[in-house]
Amino acid sequence: MTSGQFDAVIPIICVTLAGLVVLLAEAFRRKGEHMPIGGLAIIGLLGAGAASILLWDSNAESFGAVTADNFALFVNLVLVGVGILTVVFSSQTVDRDRLPAGEYYAMLLFAIVGMMLMGQATDLLVIFLALETMSIAVYILTGIRRDQQQSTEAAFKYFLLGAFASSFFLYGIAFLYGVTGTTNIERMSTAIAAQSMSGNPMILLGIGLLIVGFAFKVAAVPFHMWSPDAYEGAPTIVTGFMSTGVKAAAIAAFVRVFLKGLDPMIADWAPVLWWIAAATMVVGTVVGVAQTSLKRMLAYSSIAHGGYILAALVVGTDVGKAAILFYLAAYALTNLGAFGIIAILGTRERANDDLRDYAGLWHTHPALATLMTLFLLSLGGFPPTAGFIAKWYVFSAAIGSGYYGLAIIGVLSSVVSVFFYLRIVVMMYMTDRDARPIPPPVHPVAMGGLVAALIGVLYLGVLPTRLIDLAQQSISTIF
Amino acid sequence: MLALIPLLPLGGFLVNAFIGRRLPKSVSGGLATALMAVSFVISVMQVLALAAMPPENRQINQLLFNWIAVGDFTLDLALRLDALSAVMILVVTGIGSLIHLYSTSYMHEETDADFARFFSYLNLFCFFMLMLVLGSNVLVMFVGWEGVGLCSYLLIGFYYQKQSAADAAKKAFVVNRVGDFAFILGALLLVVTFNSLDFNTMALAAKAMPVETGFGTLSLITLLMFIGATGKSAQIPLYTWLPDAMEGPTPVSALIHAATMVTAGVYMIGRNAMLFEHAPMTLQIVAVVGAATALFAGTIGLVQNDIKRVLAYSTVSQLGYMFLAMGVGAYGAGIFHLYTHAFFKACLFLGSGAVIHALHGEQDIRKMGGLKKHIPITYWTFVIASVAIAGVPLLSGFFSKDEILFETFVEGHQLLWVVGAVTSLLTATYMWRLVHLTFHGEERFGHSEAHGHDDHHAPAQPAIQAHGHSGAHGHGAPHDAPWPMATALVVLAVGSIVAGYVNVPHAVGGHANLHEWLKPVFNATNCGQEVTTGGLAGLAIAECTPIEERSGDHTALELTLMGVSSLLAFAGILLATLLWLKNRQIPARLAAQYPGVHRLLLNKYYVDELYDATIVQPIKVMSTEGLWRGFDVKVVDGAVNGAGYLVSGVSVVLRLLQNGSVKTYAASMFVGAVAVLAYYLWR
Amino acid sequence: MASDALLFYLFGGVTVLGALAVVTQRNPVYSVLSIIASFFGLAGLYVLLEAPFVAVAQIIIYAGAIMVLFLFTVMLLNATREDAAEWDRSHPLYRPFAVRVGGVLAVLLALQLGWALSRTSGLGVPIDLDRPAVSSVQELGRVLFTDYMFAFEVTSILIIAAMVGAVILARKRDE
Amino acid sequence: MLTLAIVTPIIGAILLMLIPNRDGSKDALIRYVALGASLAVFAITLALWAGFDSSAEAAAFQFVERVPWIPAFGIDYSLGMDGLSLMLLVLTGFLTPIALLSSWESIEKKVKEFSIFMLLLEASMLGVFVALDIFLFYIFWDFVLIPMYFLIGIWGYDQRIYAAIKFILYTMAGSVLMLVAIIGLSWMHQTMTGEYSFDLLKLYELQIPEGTQYWLFLAFTLAFIIKVPLFPFHTWLPDAHVQAPTPGSVILAGVMLKMGGYGLIRLAFPLFPEAALYFAPLLATLSVIAIVYGALVAMVQPDMKKLVAYSSVSHMGFVILGIAAFNVQGVQGASYQMLAHGISTGALFCIVGMLSDRRHTRQISEFGGLKATMPRLTAVMLIITLSSIGLPGMNGFIGEFLIMLGAFKWDPRFVVIAALGVILSAVYMLWMFQRVFYGKLTNDHNTGLPDLSFREWAIVGPLAAAAIGMGVVPNVLLKPMEPAVQRLVERVQARQPLRVEAVLPESLKPKPNAPTAEKQTPARPQEVAPAVRPVTVAAETLASRNVSGGGR
Amino acid sequence: MPLGHYLVLSGLLFAIGTAGVFLRRNLITLLLSVELMLNAVNLAFVAFGRQWGAVDGQIITFFVMTVAAAEAAVGLALVIGLFRHRESLNPEAFTSLKW
């Protein structure tokens, strides 16, 4: 296939095929037979990753609706990483929780297909479809523990609110289509730029409704309320996947739509996003303070992190865009690592995600406690971790464009967030273990994944240059 | 060579401090004493070398090393011997040696470790005192200044297990620090003014400056330095530590709190005479404070019952004298009195030590009496010293005191002269009260109850208590001082007699040798040597009269005044004899008649209590309740924790919004959507 | 033209009334039936907009298939009556609050949309003046399978995911 | 070489990680490895000292290493040191082994982790003092919090968790604003010169508008004065100090607080001279309040550690006062005071730690008359007490005097209040000393307490020796710092009016009839001291660079 | 008919859909409300498509219908799952996840 029409979708095809293969494998699996289904998924993801790397700088386009510019490929790579780590951590949890392995991995892969497509799509309709693909797969993943009411409840809440959000989103697309006559981002941008539209209520309605849709997906305040519940109810590893993959994909599409399609209107949407970003950072951290469930706490933390990313989006400069990409990568590694540990420590019966479950973890699982600490420090933005560089990048973008207010809100809320991250550390290190049963030993594969994530976090923290350069290249090619 | 003088005691300190507790007493004490003696010999040699120089450049300098160099400020650790410091080092090493000698015997009942500790402190003290007097600049002096304060602290607190001793030690240090506060400020102002702290440099620079008519820089500097001096030399208002300092072993009282350290303030003024000379207003203050202290302490001394406290107040009073002298510009007289005072006061203290020693720790003079026949050496030396301090003619005290009074009068401070004269009378009275009550009259010390029953004073020193009952020091008749103590006493008594003859005034046919000797030092203050032009400079010359040139014109007046003061001395002694030897009911009756006055005097005018009530307690309460528990915990931490609580509170409230109902969540979304749209529509 | 307006209001009325019935009925069966009625109204409007194929699809797919799925579920769960209101009055945020707020918000939203539209120029012009309608099924199919081919393929993944998911979720619990 | 200094403890930490020690059987080995690593660092710092060129003509920064790190933003891995850094490096190198030694008996659980954290802490502190890139500086600055947080939180006393969290949040709240300011600064550089840079030396040259300077200065300064800590941002300190284990307190008081002072001298003042001039009176006011306030509160503390903690507030107030004056004497004094305070407060915490190890209490009222049972400890404590109250001839005095001198040249009013600290420090320190060591042995638990062991000698001996040595020959330390301080002061003063005799009332100003010194002060007389030096009348001259190296 | 009319109608439908989310206490009715909202959007799309004289509007409605079908399938499956847990269709019965 030399520069064929399909080039840009190769990564997506890889993952889709993997999903189908996994589904088939499960279908043909005899009862009790062990099958390395996770391995198949990883192969597919690696294929997608390899394809993304090969497509680097090619700027391939397919069907007029999908592009493989560096920006999308960067997001693809992040998603591949997220996917692989999720699969790796699932190795411990799928069997333990007696999940239907084939369907589980297939859903995971389909979700990733949707996510990749969100990053790659250049047409609002495709973005919507991708969003729905991803969402439906994630709804199902959330509710996959049918034996637990919480899981189903979480899935339903997520689903219902997600459906509302989709409606808003779609309505927004409708208005934009009505104004510009196209759903293609590129053409939309040209159309808007051609005729000054900043006073047109229709386009403003469209923008507003799109903001609602995207803000819901990135769990921005006040569209965030589903996320703590969904995160808490979902199987832990799915929570990790949601908080990173979904967010990354939504942000990628957000960036493309707003900074490319609606760039001419930046003066109109930036103030709204400013407030949303600020509120997200503040509310995410503040409410996180009162949480006692680790998953919920990290859900709020995830909300707050979404706020930081939105802050970079508000800025909208090249630095801001690159910062978003860097942040996505750093955050994905860190957060997945943290959720991976929580997932590993859970049992079939309980998620073991209460703060008290972590009392004295250092004494029973020193390695896990150390890993967790480093992930939490990264989330809190301490050097020398990826989290620090990421935050610095975002604030640098904000300050560079004179958004001092956002930067200050951001740094202060990150101080507050440190409080609850440290509560976990306090529990792990400074509290004696009570009489709870000691969690099971760690699956070596999962452990390998954790260590890999940690190495990533530290690598990005100490030597971030390569990724920063990559991020800058990514945004420079398209915008 | 010069450096050896302080360094020898320092060596003694190091040896005793590090390995002293493993050495027998004879070695540790002997070493300390020997080093002091050697130091004395070297001092004598150095002074002789100094004397051999022409009077104008009588200075021996020794630069040890550059101490602090920062920017354009630089300071050497350097020593300087000139006429003034020569007097001082002789006093310090000479009397110091004697007191070391005395102590080898006096402290003999201590354990080896404590004995060595005592001598290490004593040596360290001598080191610092010598640094103080030899320092060539203000800061080196200040090192010694603080160092002696430290040693004073250590030595007062020598019996650390005794609460009163520990308290007294701390009080001494802290009160001194109050003075240091001013001293440091003065030093800083000096640096800013002269960009140097070297005494020579400052003297030269000051010479070129006019005498201040108002209250100028120099006045401020000198006033600050004088406040420093009031701390060290126990003047009003900072004198309260000195009587308490008597908690230390008696030789310490003799050395530090009589002969040397407390005179540092006087020395310091003498050292900086050229500055004070240009600040007449400060001098005025110095004189008044000195006179007031002299009188004030004298009145208190009159009623005290602790033998050492009487001497302590006497010291305060005599120091007041010295300051009076400095204040009226009679620097030579002040130094002269410092020098004679060192002899007789040391002798008195050592004598009192011998008495206490003899009585196994008894210090209350009401429980003494009739000791004359038991301890004759002590008695006679004590009497000689008392005569000397009373100002009986032909003894050392007479010459020095008299000169002060004379100079005061001549300088036109007649009122101060009256005060001085009254004090002189008081001095004679209370000293002889002490002599009578201690040595004369009936024996009031019970052999079986030799130890203190006094309510006011803490029980006798534990070390003496512990060892005093055993061996040779059993309950027997009081026995006289052993030879080392006796030697010291005798030497000092002789000194009390003859010391005054180095400075017999011209009026009585002497040559005022000490004045001649000191002249180059204080003459440096003479104005007009530098020919300056300009109105201000001319004025300076006019106002600046060389002090030392004055005497001779007033021979008659001087003789008259001498007569008056001699009379007063005799009157005082007589009065004391009447009241406390012949007719002891009178003081008791007086006390009964004026209970208020008596109580006031007995309680030292309640100054300690006043300080406690107005300064110490308010600060404590304010710090505890106001600053710590109030501001720190409530306000600052309250704000910090409050911010924390605010965040958690908001957190809890916001958290409640998350009530689990999907409808609420939807509502939140719609609120957001409506708000976003509203922003666009109503923008 | 007048008949157009008449028809528009007729179909519009049916649609809106049907929709209102959906949200006011307590019995889910009635709600489903009302929404089907509303869809018929919509189908009529699509016809008015010269999109007959969409109108047909609306009837067949929406009213015919999806709503039957709903109806089936209602029957399956045998939950024809809505639960009585059991608000937890102990909760500080007294539940009906959300309902009231929601109601107000819905009205606000409608007003906002209406106002926004009222301020947009050019909306009062009849639709069919300048541009001809494209209502041929052939053209529809051509565009769908050329320009929208990729989107069409994406829906296949979407449907697989939904299908498999629905199966997993609705399967009986014991495996 | 500087990298080596930073990396050595990290290597040590990694080595420790590799030693399996689940059951605590290898504790001894671990302690020796940790001590060895820290001693190696000390040796390196001494080697740096030996290789340091302290002449005034030498380059501003020596041992410079510069490797591009994040070139996209002009961030370099850039290290270098001048005399100021050098001294703080040596202090760090000196105190860490001592702190580790002091942990040998007080830390019994999780020795390995403890040692790892200590070494990481050391590495990051060293980094703070040598970073020439402010981004790198901030990284080290922030990282310091983490090991210290664990040290307090895991090995501390009862209230350790509260203290640890308070410590980290308090100090972080300050430093994040600095991060904003740092970024802002680099953007300003980008706007003005077209290139990104976090290079301190380049940023020094930036001409920042005065209004902007104020904000940036405040952001920087807030971070630094919280760390110092300056009144009223000091309340984390008593908690952190009291709850931290002895080695933690030693490092906290000994080195970490100095990071604040260092930051002010190195960053806040030279970067924003005009703002510094504007805010200096405010800083000075706060500092004198801190001096008196810290002392007064220290006076009434029933807990020894808390007392020492508040005394730190007071002493560090002096440091800020010297910095606020920002003339050569003031800054030199402040730097010296930082070193002196590191030594004496470190030693105080060691000794208090020893007492509390023996008695498991730090309440002063529990003690009394300890001199009878532990004379050696008492003697050392006395030396340290004296050094802490600034007895002349000891380390504390030099710093305080120079600070007061510097400040006096600037504005005597502050000094008058600051000098009260001289009185008060004697009050609280001696009071504590008296209540703990003097008097009768009243508490039975105190009888038979062992005196200093050999190991404890190894801890306090060097500290006491340093305390005295620094007082006797301060020039050894002052001299290397001089050119560095000189440069910084010139940098600031070049942009400011002379800060001399600014407020001296007219009547107190010396009459100018003394010959004003030539700018070129003649070489100082070497042997004969009294040879009259020209009297410079109260002029802190800018050009007074030829300060005579007093070497002979 | 002017485009505005269709859009107003669509807006009305959309608002009714949102109101339904709040008014009813039945999971299935909630899903129906979502369907209403999607149909409102469809109406807008078709109207806009008519306005532009292009087929895009109509085609998009097909996709929306597909999505609606998929959502309905998943939603109803979830409703069944929920019902199995609590034997209730009242959304207020499912608040085990909160705060």
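Chains here go by letter, A, B, C, D and E, matching the order in which they are written, and residues are numbered from 1 within each.
The criterion applied here is as follows: a contact is a pair of C-beta atoms (placed from the backbone, for glycine too) under 8 Å apart; a residue touches a chain by one contact, two chains touch by 3 or more.
Owing to the predicted nature of the structure, the values given are computational and were not obtained by experimental measurement.
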Shared chain contacts [chain B and chain C, defined touch]: A, E
Most central chain, Cα average position: D
Remotest chain, chain B as reference, centres from CA atoms: C
Pair exhibiting more inter-chain C-beta contacts, A-B or B-D: B-D
Mean-CA-position distance for chain E and chain C (Å): 5
Gap in Å, rounded to a whole number, between the CA centres of chain E and chain D: 66
Where chain B and chain E are represented by their mean Cα positions, the distance between them in whole Å: 96
Rounded Å distance between chain A and chain E, as computed from the means of their C-alpha atoms: 26
Residues of chain A whose C-beta touches two or more other chains: 125, 129, 132, 136, 139-140, 143, 146, 152, 155-157, 160, 164, 201, 204-205, 228-229, 290, 419
Residues of chain E touching at least two other chains: 7, 14, 17-18, 21-22, 30-31, 47, 51-52, 54, 56-57, 63, 67, 70-71, 74, 78-79, 81, 92, 94, 96-99
Overlap residues in chain C, where contacts from two or more other chains coincide: 95, 98-99, 101-102, 105-106, 109, 113, 115-117, 120, 148, 151, 155, 158, 161-162, 165, 168-169, 173
Contact pairs between chains, per stated definition: A-B, A-C, A-D, A-E, B-C, B-D, B-E, C-E
Residue numbers on chain A that touch chain C, as the complex places them: 9, 16, 19-20, 23, 62-66, 98, 100, 103, 106-107, 110-111, 113-114, 117, 123, 125-126, 129-130, 132-133, 136-137, 139-140, 143-144, 146-147, 152, 155, 200-202, 204-205
Footprint of chain B on chain D - complex, ascending: 166, 169-170, 232-236, 238, 293, 296-297, 299-301, 327-329, 332-333, 369, 371-372, 375, 379, 382, 386, 391-393, 397-398, 401-402, 404-405, 408-409, 412, 415-416, 419-420, 422-423, 426-427, 430-431, 434, 437-441, 473-475, 478-479, 482, 486, 501, 504, 507-511, 513-514, 517, 521, 524, 526-530, 532-533, 535-541, 544, 547-552
Residues on chain A engaged by chain B in the complex (per definition of touch): 156-157, 160-161, 164-165, 168, 201, 204-205, 207-209, 211-212, 215-216, 221-223, 225-226, 228-229, 268, 271-272, 283, 286-291, 416, 419
Complex contact set, residues of chain B against chain D: 17, 59, 61-63, 65-74, 76, 78, 80, 113, 136, 139, 142-143, 145-147, 150, 153-154, 157, 160-163, 165-167, 169-170, 173-174, 177-178, 180-181, 184-185, 188-189, 191-196, 198, 200-201, 204-205, 208-210, 214-217, 220, 532, 534, 536-537, 619-620, 622-624, 627-628, 631-632, 635-637, 640, 644
In the complex with chain E, residue positions of chain B that touch it: 655-656, 658-663, 666-667, 670
